[in-house]
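Quick one: structure below, then a few questions.
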Amino acid sequence: MRSQLAGILLAVAMVWPGVCAAADIRLVTADGAITEIVYRLGLESLLVGVDTTSGFPEAIAALPKVGYLRALPFEGVLALQPDMLITSEQAAPQKNLERLSKAGVQVEILPSAWSSEASLHRVQTVGGLLGKEAEARALVADLQARIDTLHRSAEARGYRPKVLFVLAAGNHSVMLAGKNTAAEALLDEVNADIAFADLEGYKPASREAILASQPDAIVIAESVPGQFNIDNWPELQLLDAWKSGHRLQADSMLLLGFGPRLVDAMAAVNEVLPGRQGVANR
Amino acid sequence: MMLTPAGRLDAKPALLTLGSVALAVALVSVSSGAYPLSVADILRVIAGKEAADPVASMVFLEVRMPRFLLGFLVGAVLAVCGAVLQGLFRNPLADPGLIGVSAGASLAAIAVIVLGNTWLGGWLALTGDWALPIAAFIGGSLTVLLAWRIANRSGQTAVATLLLAGIAINAVAGAGTGLLTFYASDEELRSLTFWTMGSLGHAGWDDLVLGAPFMVLALVLAPWLARPLDAFLLGESVVGHLGYRTDTVKKVAIVVVGLGVGAAVAVSGLIGFVGLVVPHLVRQALGASHRIVLPFSALLGGTLLVAADSLARVVVAPAELPIGLMMALIGGPFFLALLLRTRVM
Amino acid sequence: MVLDIRNVHVSLGSTPIVHGVGLSVAAGELVMLLGPNGAGKSTLLKAVSGDAPTRGEIIVAGQSLADWCPQALSRHRGVMPQRVDINFPLTAEEVVRLGLSAKSPGRADELVEHLLSELEISHLRHRLVPGLSGGEQQRLQLARVLAQIADTEGDRLLLLDECTSALDPAHQQVVLQRVQRLAREQGVAVLAVVHDLNLAAQYADRLVMMRAGRCVLEGSAREVLTPEVLDAVYGFQARIVELPEGYPLVVPLGQTRAQTAPLKPVCRQAS
């Protein structure tokens, strides 16, 4: 404990000039998870604009929106006169990123993080970019500890539950998550498997496939919280997992963003996974 | 404004007016945007003064100028291609989308987006950054050729068959797009959606270098079609009776549309309604003669698209609306109102 | 001969419609093609218009149809189709002007003025064509075709496919008088498909009767329009009244039977 504190103090001392430098830069973030990191590091005052995937925390609503991560406008971003743009590798079009860089904006493109390890690494990277390495390290340590606890709890279950993961953008675009998705990665973090492991990516939901899937738990990720109306999907309600309450309905940015709230997402999912007992009783 | 005895606008004053409007729209377009550029800034950039702010210079020279030029060219070409198809098919509702050119071009582009990492890896390696635009252009041109092959029997091309071929090609291209959409990853799907909506948000000199030669060629060939297309309005057989080589006229028209629409879709995605609304407006105001319709459509189409794009990039600034969406928002209700008002199509 | 058709066969798709027809029209002659529905009249006219693939020989103004340059041919051969549907806002005057090309502007204006007034459609010149009646459109198309062959040196041929079908009786007379004058005064050869036997009797210099893809009879109105021929070709009974004006009037008396009577082809093959 004492050595940890000393480490933090040392780190703070080392990066102190950096913190001063960071204090007056103008920052634009384009990726909800990265915006969350900036907030968790207490640097929200640097933000002059965010993209439309940045919806948390709600304080962001007042900031100018530069549009969608995958269609970043050159002039729109430049007009905010940012010193730095931090975004993920999902950002597009490439040409506009290059132009911003040419116009003197420091453009940082971070790799997508689809594991707890990569997610924490990204926190550290953002901290480094903004001169808050020590704060980032502290945040990472805190998150790491909670994640470790969750990992142990999930391991203790002794089996990998099968989870039906639904991605809902309104009632009509309802997709089932398959392999090679952030959904699969999230489930893996809590020692669980995706129900439709033979699907690649997200595919339109087949009502019959839902009925036949017999999952141990159901997770519904909503792109707009509260938008998914379960009454339109009676098949889900017919599943044992639904009836027995092994179900979760939450914001897709929380569940799939792999930001600082990853641990909350893991906890929420882990909560609804049945232990061995629950499975045996069915 | 003076009206002719037929209740139309007089062509010369109309040309002056539209030309002035086009010029005004051009000035507004290059001087407006999310990034603040004053007229003084622009003048300094144009004058090449060393005092010019390098960022202002970049915004004006590398972003707004190519975007304005590309927008104008795409609008002009789409409107002219719409007018040519409408004349050829003798149907005021014919549209570049109709014979499947747009669908073919977009299918090829979507194939590159979705299959670029797997089956079409070689294509990506070969074409690099240009993979998407070149594919869209090839797809559009091949679709015109395909429609031509299907419809052309023993040297004669029945327009009805060509239309049916277009419907079939649209259906097949639509199915192909649907299938690719199904296999697309989440990420590919989203970039695909934005591409199919049509956008000038990435426009640069490289897009102009790629698209402009084809589009300019289409615009240069089109006037040759004006008189024969007038004859087409009386009927396909009348074209021959009036002394034009019907099949040659049709071939040139198809080449013009293939070049123009293929290149336009390649550089800006799917932008609808320009080809439909603009020639219609011109005909209502100035008559159906193609010697009037073609040049006026080019001017009005370019002006309209640039105006819509200027609006699209300030209305939700600092974000931008996709221009395709913008055109649909403006063009859709407008065209419906037009249909309800005129009744006679 | 301005038009010489020799042993022409025409098929539409794979169906043979016209079987070895020979026919000629001289300068200044007004020839009308008669015959029941499906006899091949319009198809034969299509062949001469260049709109149907043809076997045999068609010579227009001394040159085989296939050898003509389209632009030059359009100055010598005017074609008035059965129907023209215009969906676009062209004015009547613009339609007539489509028939004109390399003429001086002054002469063009004068010609348009003249044709519009002769066909009694001057008042429509600025009206949009889609709003005109069928008869007005038919006269307009004739004006356009006449503009096309006006002022041409040498042989001229005018092909008319049921050019009076949508006209009221008064305007049928106006139009056919104009066509007749064109033949008589300017030496234009006219080949016209008509259904109205009495108009044919009144205006044609020569009638050609077709049945089942062949020419079966050719001659003056008095020779062709007899009760026997009408009965054999069309299958109806008629009384023929000789008018003091010098041509016969056909008064139908009712249908008798299907057109099955044997009729020996007497059409001469053009030499």
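Per-chain residue numbering starts at 1, and chain names A, B and C are given in the order in which the chains are listed.
We take it that a contact is a pair of C-beta atoms (placed from the backbone, for glycine too) under 8 Å apart; a residue touches a chain by one contact, two chains touch by 3 or more.
Keep in mind the model is a prediction, meaning the values are calculated, not measured.
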{"item": "Chain nearest the global centroid, as defined over all protein CA atoms shown", "value": "B"}
{"item": "Relative to chain C, chain with the most remote C-alpha centre", "value": "A"}
{"item": "Interchain centroid distance [CA atoms averaged], chain B/chain C, Å", "value": "44"}
{"item": "Whole-Å gap between the CA centroids of chain A and chain C", "value": "80"}
{"item": "Centre distance in Å when chain A and chain B are each reduced to the mean of their C-alpha atoms", "value": "40"}
{"item": "Residue list for chain C, restricted to those that touch at least two other chains", "value": "none"}
{"item": "Footprint of chain B on chain A - complex, ascending", "value": "49, 52, 64-68, 70-71, 73-80, 90, 92-93, 95-96, 99, 102-104, 180-181, 200-204"}
{"item": "Chain A-touching residues of chain B, taken from the complex the two chains share", "value": "33-36, 54-55, 58-59, 62-64, 182-187, 189-191, 194, 199, 201-202, 204, 313, 316-320, 322"}
{"item": "For the chain C and chain B complex, residues of the former touching the latter", "value": "49-51, 53, 70-75, 77-79, 81, 84-91, 94-95, 98-99, 101, 125-128, 130-131, 141, 144, 148"}
{"item": "Contact footprint of chain C on chain B as seen in their complex", "value": "4-7, 90-92, 154, 230-231, 233-235, 237-238, 240-245, 283-284, 287-289, 344-345"}
